[in-house]
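Okay, so chain A shows up in both of these, paired with chain B first and chain C after.
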Partner chain A sequence: MNKLQKIALLNFSLAGTCLILQLIRLAAGTSLISLFVSTVTLALMCVMMVSYFRRKSLVKQGGGEYDERDRSIHTTAALYGLMTAFLVSFLTTFLAFLIVGPGGELEIGYVLGMFLLSANSFFFAESAVVLIKYGRRGMDDE
Partner chain B sequence: MNRAQKMAWVCVICISLAITAALIVLLIHFLVGRPKALYAVAIPCVGAPLGGLICLFIPKDKAKVTRDERDLMIKKNAAHAGFIGAFLFTCFACITPFFVLGPKAVISVKWLPQIWFGTWVAQFFFYSLTIIVDYGRADKGENS
Partner chain C sequence: MSKLQKSALLNLSMATVFAMISTACILFLASVNAKGVVPWLIGLFVCVMISPGVYVLYRKKSFEVRFDEREKMINRRAFIVAAIALAMFLGCACTLPFAILGGQSVVKVYYLPLIFIATVLTAQFVHSAAILVMCALEGDDG
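Right after this comes the complex of A and B.
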């Protein structure tokens, strides 16, 4: 497992944790749990951002750790991640509209939560695709 | 100019015109104070499908080979840029009300479909714009 895979694995587990926390927040719904989950989610997202930029710095350094194949894998993964974020943002707005109803109102925090959820799903899908692609094609490297 | 470029131009022109029209109506709303003019934010949501509809009437390329490796690369790049644009729009649309209205405010749920349609229009717009820019760059020195 190379450094890029390790970073993807870290991001995958952190984004997975964030998504589970968001689901708990939706199920519980109390303000105290909401505040706790939001704080933890933001902290975990900061860690994910740091590891994402760590990967960028590895890419900039070049050398033997990042070649044409890695570039292709990461471009495809980013595309899948963005597509997932797009779909999640559609689903969350659509579901909220259906649940609340056309005449209803929504707390502004929920809109921010929707964005956090779609950002989380970007990291989740991106790292999942990186792990899957390396898993499929990286067998003969080891 | 190939079919993808023509479609991109149609989309960019339609969306740009729709956004300009929406901005003019919104300006009138803020100057004159007509409450119903606020629905003008929906105009770009009509402009984008209109562009898509016009694209259906653009004839297919007659050449034997209609796309090559470079075209595929440009389309992938454009899809990337389109989704990044859409993501940034979502970020802007979700975070701005929080800072403008305050953390305890509530918004009408009617704005949610608007946000999503706006995201979709942004994706369409940046996708088309990247196709135009990439072909424009790549076509230098060629007779197309």
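Right after this comes the complex of A and C.
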């Protein structure tokens, strides 16, 4: 397992944890738990951002660890991540509009939650695709 | 004007027209306080009716064109710029109201699709503008 895979695995586990925490926050509803879960989610997202930029610096350094196939894998993964985030953003908007109705009102935290959920989905899908693609590549090499 | 530039102009104009139509529809739904599944079924019916025409037009003008290597590179760079703009716009649109109005405030639910449409339009605008600017710059250099 190379460094890029390790970073992807870390991001995948963190994004998965964040998604579960978001679901807990949605189910809990109370403000104290919600505040705690939001703080933990933000902290985890900061860690994810740091590891994401760490990967960027590894890519910029170049060397033998990052070749054309790695670039292709990460481009495809970023595309999948964007598509997932777009879909999640659309679904949260659509469902809120459908359930509450156009004349209704929502807590402003929902808008922020929508953004966090979309960002988490991006990291989750991107890391998952990176891991899957590297797994397939490993099988092809064997 | 190259095929890529024509495609960018067409995409920009179509995105603007559809965003204006969608915004008008959402504001209409909000004004009559439409609720439930019926407005969505009407919207789905309209989409099903107009989508073949849009597909034919879009395919004829955009998907069938064959870009050369230089145009593909410009398109790829413009996509990256558009993705960054999309993320930044969505982040600002979701976090700034929270910061300005405070966490206890409420927002009208029809702001959510407006934010979504504005984000998509911004991404499309940046993508098309980046293509046009980069083509113009390369034209100046050449």
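Just so it is clear, the second predicted complex is superposed on the first by the 138 of 142 C-alpha atoms of A that agree within 3 Å, B and C clash if a C-alpha of one lies under 4 Å from a C-alpha of the other, contacts with A are read in each partner's own complex, and residues count from 1 in each chain.
Note that contacts are C-beta pairs under 8 Å (C-beta built on N, C-alpha and C of every residue); 3 or more make two chains touch, one makes a residue touch a chain.
All of these numbers come straight from a predicted model, not from anything done at the bench.
After superposition onto chain A, the partners chain B and chain C occupy overlapping space and clash.
Once chain A of one complex is fitted onto chain A of the other, the partner contacts of A:Ile24 are absent, as it touches neither chain B nor chain C. Once chain A of one complex is fitted onto chain A of the other, the partner contacts of A:Leu9 are absent, as it touches neither chain B nor chain C. Of the two partner chains placed around the shared chain by superposition, chain B is the only one that A:Met83 touches, whereas chain C remains out of contact. Legend: residue contacts after superposition of the two complexes on their common chain; A:Ser118 is shown touching both chain B and chain C. Of the two partner chains placed by the overlay, chain B and chain C both lie in contact with A:Thr93. Shared-chain residue A:Pro102: touches chain B and chain C both. Contacts of chain A with chain B, set against its contacts with chain C after fitting on chain A, overlap at residues 78, 82, 89-90, 93-94, 96-97, 100-109, 111-112, 114-115, 118.
Per the touch definition, chain A reaches chain C in the complex via residues 78, 82, 89-90, 92-94, 96-98, 100-109, 111-112, 114-115, 118. Put simply, chain B touches chain A in their complex at residues 76, 79-80, 83-84, 86-87, 90-91, 94-95, 97-98, 101-110, 112-113, 115-116, 119, 123. Chain C contributes residues 26, 29-30, 33-37, 40, 83, 86, 90-91, 93-95, 97-98, 101-113, 115-116, 119 to its touches with chain A in the complex. Residue ranges of chain A in contact with chain B, taken from their complex: 75, 78-79, 82-83, 85-86, 89-90, 93-94, 96-97, 100-109, 111-112, 114-115, 118-119, 122.
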